[in-house]
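In structure tokens below, several structures.
Look for chain A in each of the two complexes below; its partner is chain B in the first and chain C in the second.
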Partner chain A sequence: MNITLDHVTKKFAETIAVNDFSARLPSGQLLCLLGPSGCGKTTILNMLSGIVPVTAGRIFFDDRDVTELEPEKRGIGLVFQNYSLYPHMSVLENICFPLEIQGVKKSERIRRATELAEMVYVDNLLKRRPAQLSGGQQQRVAIARALVKNPQLLLLDEPLSNLDARLRIEMREEIRRIQQETRVTTIFVTHDQEEAMSISDQIVLMKDGYLQQIAAPLEIYRNPINEFTADFLGNPVINKLSGVVRNGKIRIDGTERELALPTAEALADGRKIHLSIRAESFEPSDERDETVLIGSVAALSVTGKDTLANIRVGDFDVRALVDSDAELSAGETVGLTLKSRGVFVFDAESGERLA
Partner chain B sequence: MKPFKLSTVLLYLFLILGALIMIFPFYWMITGSFKTADGINAFPPNLIPTEITLKNYRFALETAPFARYFLNSVIAAVASVSICTLTTILAAFAFSRLRFVGRVRIFGMLLAMMMVPFEMVVITNYRTIVQMGIHNKLIALIIPFSSSIFYTYILKNFFDSIPESLYQAARVDGCSNWRYLWRVMVPIAKPSLYTIVLLNTIASWNSFMWPMLATNSKNVRTLPFGLYTFVTEGGARNEIMMAASTIVVLPMIILFLVTRKNIVNGVARGGLKG
Partner chain C sequence: MNLYAKNLKNPPFKKRIEPFLYLLPFTIGVAIFTLYPIVNVFILSFKENYRHLTGKYSGFGFANYRSILKDPYFIQAIQITFKYVLIVIPFAVALSLMIANLLNQKTKLSGLFQTMYFLPLITSVTAVGLTWKYMFNYRSGIINFILNLFGLNSVNWLQDPNANFWALCIYGIWSMMPFTIILLLSGLQNIDPRYYTAAKVDGASSLRIFFRITVPLLSPTIWLVVIINTISAFKVFNELFPLFAGPGIGHNLYTLVYYIYHQFRGLTPPKYGRAAAAAIILFGLILIFTRIQFLIQRWNREIHGEKSK
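Presenting the complex of A and B:
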């Protein structure tokens, strides 16, 4: 099911949680709504489910305008952050409950619930109460309950945030597997960029109620639309060096020389910019010409194939992920050339992408 | 064997003493009801009855219609408790989950009314039932107790503690408010409801002042007031009073013993995960 949000806005008293949000989300994919806490991603999810009414704008499921439609008529399954299983019902009763409300015959309910339980691997726990399950098992039951009525759209609100680190990785792969088996359009809210990168087909990145960018994980990583997007995705965090444009070259604060960057040649003289460079976009070099950044190695930590080097460039500490074969040592002065991928120039004020 | 710590021994002695103080009046009442007139008035008192007789019970049941009182008490208690529990559940749900104009203000007013002691409205209530023409009828013992602000307040607080996301989960599945209340809220609130029903039953069973005002014939009297008239009319014969008191109190003791486990279980299992 294609989902279209058309200039959707949500105001709570004085605060605007979602601001003029327009997007078309393609059918059958696993989509991540990503952004820092308070950016409005859960609000979008709740508006899609119908729990929270929109202040302005329209929501369409395919061609159907569902803006005013009651939650139960939207054909969605919802998984809450705290799972929200009914504590007095067994696992089987929990999964059956949506069907019970629809008036499905008891034998049919049990057949479908058992089928779903098998898919999420909780079929051996059907008689247990939620309190007798681990967090991961509760999560599986919650997903089964959301899927049992064959929804057109599955919504998951921070489904992994209550799990410990190992379970989190296990469950995110599970969610991916279940989504691929069912092919149901799935929207997944998270503030964890790694989670979003690893499982989603498309990332919808938000900040302060505004949509920033919608793209596939690798695309959004390689081609961020603005500084926030570049900062938010990637681990280690992208290096940010502020500087000024001088004659089509960049003077980084605290350095005495200009850096020639082919993509920055057209920038106006005196413009304040941020030069953002991913940790893996450096290459040690013996050259000392204008295309090379010069810094001194402050610390090194070998992780195996790669070495994470802390390098002081001008006023900034740069983290560079370099091949362990490049023999660096602490205190040494080093030249770094920049790869063409993973180097961006943003306006220092607006964060707008310049190059 | 590990030697007991002195503090533990003292603590248990203290607890045993407290338990004895609580239990002794009941013990004295029940054993006394089986004693003869000589036995109960003996000095020094006999803790264990020397001669056991059922005559006291027979006498009490013959001179006053205790069976009728008993039935009246049961009818009044069952009716007022079930109606009150129903109204409490509905009101608590409305105040806890439904959004309507003046919700907070109305609830505040109700709470303020809890400050007015029952004794102050007794005359008003009395006039009301006289005007309604139900004075000296059993229903007069039921209608004034068909709702309770206090129990509504307790249950509303419990309902408030049930996560809102359960309600939303049910709503997304198409569950109506009515169904959500009975299928989810009430089962989860069972421990609270047990407590409310038990407290309410005891209060109804023991109520004295209102039945005294609202009834004046033997046919509609309840046990506590019946016991009172029995004592004043029949003169103070200790062993028979003990028998009559036992008839009055025993059902409540049994009720407590039967439901006690549910209440304790409820408190122990009350938590919601997540």
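Presenting the complex of A and C:
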């Protein structure tokens, strides 16, 4: 089911939680709604499910305008952050409950619930109560309960945030698997960029109620639309060097020389910019011409094939992931050329992408 | 480490008695004003031919118990009290549950409702009793007025021996409700609203949500109010005075506590031993009754699979 949000806005008393949000979310995909805490992810989810009414704008499921439709008529499966399994019901009863409401026959209910329990590997726990399950098991039951009525859209609000690090990785693969088996359009909320990068078909990135970018993980990583997007995605965090444009070249604060960057040639003189470079976009070089950044190595940590080098460039500490074969040593002055990928220029004030 | 562990197991004497010293003042109070009278009543109930003024008695035995168990008034008192408990508790709890559930819904009028239902709790018992007396009035009471509106005949609530028990029940239910509602409301407010949201997204009607989610999740509180109210209903006594100024028409509202009261207030010479024996029987009945409810509650919790701690 395609989902279209058309200029959707949500105002609470003071705050504008979601601001003029327009997007078309394609059918059958696993979409991650990503953004820092408080940016309006839960609000978007609640508007899609109909729990929270929109202040302005329309929501469409395929061609159907569902803006005013009650939650139960939208055909949605919802998984809450804390799962919200009914504590007084067994796993089986929990999974059956949505069907019970629909008036499905008891034998049919149990058949369907068992089928789903098998899919999420909780079929051996059907008699237990939620309190007797581990976090990961509760999670699976919650997904089964959301899927049992064959929803057109599955919404998961930070479903992994209560789990420990290992289980998170395991469960996110699991969600990916379940989504691919069922092919149900799924929106998965998270504020963990790594989680979003690793499982989603598309990332919907938000900030302060505004949509920033919708793109596939690799695309959004390689081609961020603005500075926030570049900063938010990637580990280690992208290096940010502020500087000024001088004759189509960049003077980084605290350095005495200009850096020639082919993409920055057209920029106006005197413009303050941020040069953002991903850690893996540096390459040690013996050259010392204008295309090379020069810095001194402050610290090194070898991780194996790669070495994470802390390099002082002007006023900035740069983290560079370089090939361990480069054999840098602390204190040494190095030249770094920039690869074409993973180097961006943003306006220092607006964060707008310039190159 | 070892030394420390040993110290924990075997603390010095001073450390060991310290907590008891903190408990002492409270314990003394409870001992003098609660424990001593209870023990005394218990002993008194076995003293035969007890003379209040001299404190003399002929010996210990079951004479008091034998005599009250043969007393038709006592048997009647037990019957009336049981009937009262069995009628008042279900109605009071069910009505309170409905109202608490309404109050818990954030509607525009909920502030008004809250005031309305909690008013009885802060108004004087006498004033309230008198108000009810007027409401039950045969000629000018509002209850009969409403009955007449629906085409029903007036009931002589306070003077008709067939009706006055029901007047007592209505008054009892009504006076039980505010506190019950407060407890249930606080229980309701402890239920995570996400359960309701989850059920609503699945399209559950409010009736289904109430019976399948609210009531089961509230059951610990429901059992608590059932037990508390049962204990207080067994002791029905105060309610008799504002409405009937006594145990009804021809003693037809003669409750257990009224019986106890009557043994040492209404008789000359007062029968302290029989009053004590009746009090012990009442105590036993309450104990058995609440124990049964407690067992039902635990059984209920076990079928719901919660770990009993």
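Just so it is clear, the second predicted complex is superposed on the first by the 355 of 355 C-alpha atoms of A that agree within 3 Å, B and C clash if a C-alpha of one lies under 4 Å from a C-alpha of the other, contacts with A are read in each partner's own complex, and residues count from 1 in each chain.
Just so we're on the same page, contacts are C-beta pairs under 8 Å (C-beta built on N, C-alpha and C of every residue); 3 or more make two chains touch, one makes a residue touch a chain.
Remember, predicted model here, so these are calculated numbers, not experimental data.
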### Query
chain A superposed: clash or fit between chain B and chain C?
clash
### Task
Applying the touch criterion given at the start, work out whether A:90 contacts chain B, chain C, both or neither, answering first, second, both or neither.
second
### Task
Would you sort A:71 into first (chain B), second (chain C), both or neither based on which partner it touches?
both
### Query
Which partner does A:128 contact after superposing on A: first (chain B), second (chain C), both, neither?
second
### Query
Once the shared chain is lined up, is A:162 touching chain B (first), chain C (second), both, or neither of them?
first
### Task
Would you check which partner chain A:138 touches, where first means chain B only, second means chain C only, and both and neither mean what they say?
first
### Message
Which partner chains sit in contact with A:190 here, chain B, chain C, both or neither? Use first/second/both/neither.
### Response
neither
### Message
One more residue to check, A:98. First (chain B), second (chain C), both or neither?
### Response
both
### Message
Using the superposition on chain A as set up above, list the residues of chain A that contact both chain B and chain C.
### Response
49-51, 71-73, 76, 78, 80, 82, 84, 86-88, 97-98, 101-102, 131, 149
### Query
Any idea which chain A residues touch chain B in the complex?
49-51, 71-73, 76-78, 80-88, 97-98, 101-102, 130-131, 138, 145, 149, 162
### Query
Within the complex, which stretch of chain C touches chain A?
192, 194-195, 197-205, 208, 212-213, 216-217, 219, 304-307
### Query
In the complex formed with chain A, which residues of chain B make contact?
163, 165-166, 168-175, 179, 183-184, 187-188, 190, 269, 271-274
### Task
Using the touch definition up top, name the residues of chain A that touch chain C in the complex.
49-51, 70-73, 76, 78, 80, 82, 84, 86-88, 90, 97-98, 101-102, 128-129, 131-132, 149
